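What follows is a set of structures for review.
Next, two complexes with chain A in common: one pairs it with chain B, the other with chain C.
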Partner chain A sequence: MTNSMSNLKGLLNKHYQISEFEEPIAMELIFDVRNDQLLDVLAFMKSIGFGQLSLLTCIDWIEKNEFQLVYILMNWDSGIHALVRTAVDRDNPKFRTIEHIYPGVKYYERDVHEFFGVEFDGNEDSFKHLFLELWEADRPMKKDFDPEAYSEKKYGMRKYRTEFPRKIGGE
Partner chain B sequence: MAIGDKVEIKAWEKLGDFFRGRSIWMMWYCTGCGAIEMPPTMTSRFDMERLGMGPMATPRQADILLITGYLSVKTLRRVIYSYEQMQDPKYIVAFGSCTINGGIYFDSYATINKLDDYLPIDMYIAGCMPRPEAIMNAFNELQVKIRNNEVDGWKRYKKNYDQYKANQMKAVGEVFVHDEFHE
Partner chain C sequence: MTDKLKEVKLFLGPQHPGMHGNYSVHMYVDGDLIKKARPMPGMLHRGFEKLMERKLWMSNTALIPRICVIEPDINEMVFAMGVEALAGIEVPEKAHWIRMMILEMARVATHLFALGGIGGPTGIYTSMYWAVAERDLILDLFEKLTGARVYHIFIMPGGVRKDLPENFLDDLSTYLESLEKKLPDFEELLLKHPVIHARTKDNIMLPKEVVHDLGVTGIGMRSATGVAYDLRKVKPYARYDQVEFDVPTATYSDALTRIHIKFAEIKQSIRILKQVIEKMPAEGPVRVPIGTGNALKIKVPAGMIYTAVESTRGEYGYFIVSDGSDKPYRIAVRGASYPQGLLGIEKYLPGTRIDDAPLWMDTMGVCSPEIDR
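Showing the complex of A and B:
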């Protein structure tokens, strides 16, 4: 199995000049790719057996001013998980869909668009709401969104008097 | 005495409440984690049916809407939908601290904090989570209250309908449920 892992690394290095890999646990490989490389890399991964896209998710790195997209792939023959990561600009979050490579990503892209505001060119459904029906405020999973203030404004907090018992053995 | 006289209706209502209080059919809307307390309440360990309450499958046949736990806005829309399908008299029992003040989800963008803004609550069961004993105790009290004709949530809902509707609109925008797969 380590053989297939080093084989995979060699292939990625040879075709896409990716040299930095992380292996946090056995059978899991993490690597970053450039924005313009991502579709090629994913198509290549699919062709060598990574037939399943387990998840597309997004991380908001507010200090670096970028959204990181994480594509989690799995190969059922060798059992390897691969996490392919890429970064998009946070101020103008736009990327291309990979619907033609992994059709199931349609819903994950809707999810990411809904919670982070990343637009996926080519996915016609990506503007529809998936979880938050009739949502009007800012994207809720962004780091600069304040959920408590939103909750107080929209749903109201219940006002009540709190009484705590006096400390036993205190003054 | 004419048919529909006030006294007669009241007597009929009292009779109805007498029987109603002894056979409560509830529909639980398992929205949150509280639903996990219902199976032990229902099944052989605590066996709530011996106390005169049973599960019901549809809102149109149920007397009680039991809301177990936190409600996201999306769920609230469906709860209101279900509640308005139910026939009078109907009661709501709110279960767990999330329905009272938001519980641990008080600062969530997706869940409401005060359920009684949107629907009339007849009884709260506090706790996170309430034990099956607390549920049965609450239902016993509710049965006594129904028999004494003290529960009037559905009447309050009719009386203050505009106010409730305004609150609902503020939180959910629109009560009608859209479904992209069936429209």
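Showing the complex of A and C:
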């Protein structure tokens, strides 16, 4: 019954009063949920066939001072991708894990924590390093991170000897 | 000797002949049994996602193929699909067919490479030599078509870079015929080989129940669930809705089943390519301009979109965010091997033997650059 887009929208509206949807291409639905609603909505989505979490990612909206978490869900039977978005405060980026709903999110949360600094309460591994060993600066995917300054600081120009003991060609 | 065996930590990779790319697995072993496995990615982390935010939309087309080395064309495809949808561009008919041809050629090449790779950990090096030689002939075709062997940068937002060169379809069909003749030999060498059976049958299992939880897609998912969960069928892109092909599936996912499915997919790709040769429009444009003026300085309307295609390892997608400027605001890559390469290793390698670990990488499909990005 939940195969079609309009049904899905109807269900979300009925249960969670979500009325604004975006459909950038066919079979793709984007909508925002409140921070405290998210776990409910995800559990509901899983129960109606969105069994797979394709991706969890984050966008840094520096002007609005918020991080937007995007959970991309996939329903393989109907072919619908649902993008569930929610916002977290940029100054105090804390959120809850959804590992108990989608266990596959474990490494995505670690990834987002490493690159954006969002802490996922309940995911014990999320504080460990995954990609960036020996990283000594702020979270690199934030918009205010300056890669050039970091690389100059960490891998600054080395001074090389430019005088050679003997001239080539011998004079 | 004590009667109690000690647990030993072993590093598989990053420099190991059985390892795929610069990637490492820390294995805690007891004898030759893996007790605990921890994936250690990050050795190929080149900050692609950050780099993409600093490059123009068009300059990005040269960067993105590098995210997956063996199958670069999927990157170009998802990027082009996303930009086209955001900008509201309709791609010409012929471009769709050329794109589909490129994607299927890449699929055959990648599967051949993977089949050859199975020769490494099982000791059948002949398969490596044969498969890589076959793949090289596809690279020759790519060179003729695009000018490049590995990173083609041919699929552009708005279509493809150029029309087909003269007699290209004839060359392709000659190649397909020769490949088809060699496939029975591969079958003898790999699928019926007693060593392969001894090593992969009932080994390195993926239970059906955990497929969705892990997020595994592609061959791993189809070999366990028995359903044709293939984006080419579920959500057809390019012109996959106009060609006939089957999606090989199974309900018992051991390594041997997955090798069989890989092999069957090569045959299906050949079938698709033959139909492409038949149905490809002879005339017509292959590219439309995305905007007016300097192509480098195009601006993509604000919005966000997730586009995905079926790669050899599963669902491969880009999440693209544009704020209306000449550069992407954020692009996130859904590497198809992320689930099986990280959580899959942690959960399903324990219990197998040391020498089986590379077979998980081979048969599930783990491509380290797309995990690291």
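Note that the second predicted complex is superposed on the first by the 153 of 171 C-alpha atoms of A that agree within 3 Å, B and C clash if a C-alpha of one lies under 4 Å from a C-alpha of the other, contacts with A are read in each partner's own complex, and residues count from 1 in each chain.
In this section, a residue touches a chain if its C-beta (ideal position, glycine included) is under 8 Å from a C-beta of that chain, and two chains touch if they have at least 3 such contacts.
Because the structure is predicted, anything quoted here is derived from the model rather than measured.
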Message = With both complexes superposed on chain A, which partner does A:Tyr160 reach: first (chain B), second (chain C), both or neither?
response = first
Inquiry  = Per the contact definition in the header, classify A:Tyr107: touching chain B only (first), chain C only (second), both, or neither.
reply    = second
Query = Where does A:His81 make contact in the superposed view: on chain B (first), on chain C (second), on both, or on neither?
reply = second
Message = I'd like to know which partner A:Ser151 touches here: chain B for first, chain C for second, both or neither.
response = first
Inquiry  = Going by the contact rule set out at the top, does A:Ser54 touch chain B (first), chain C (second), both, or neither?
reply    = second
Task = Please tell me which partner, chain B or chain C, touches more residues of chain A.
result = C
Message = Quick one: is A:Leu134 in contact with chain B, with chain C, with both, or with neither? Answer first, second, both or neither.
response = first
Remark   = Where chain B and chain C land on the same part of chain A: residues 131-133, 140, 147
Request  = Show which residues of chain B lie in contact with chain A when the two form their complex.
outcome  = 73-74, 77, 100-102, 106-114, 117, 170-174, 178, 180
Key: Contact footprint of chain B on chain A as seen in their complex   = 128, 131-134, 136-137, 140, 145, 147-148, 150-151, 154-158, 160
Note = Within their complex, chain A touches chain C through residues 22, 24-25, 27-28, 30, 51-55, 57, 59-60, 70, 72, 74, 76, 79, 81, 83, 102-104, 106-108, 115, 129-133, 140-141, 147
Query = Given the complex with chain A, which residues does chain C contribute to the contact?
reply = 41-42, 45, 47, 49-50, 85-86, 212-215, 217, 227, 229, 231, 234-235, 303-308, 315, 317, 319, 321, 329-330, 332, 334, 338-339, 342-343, 372
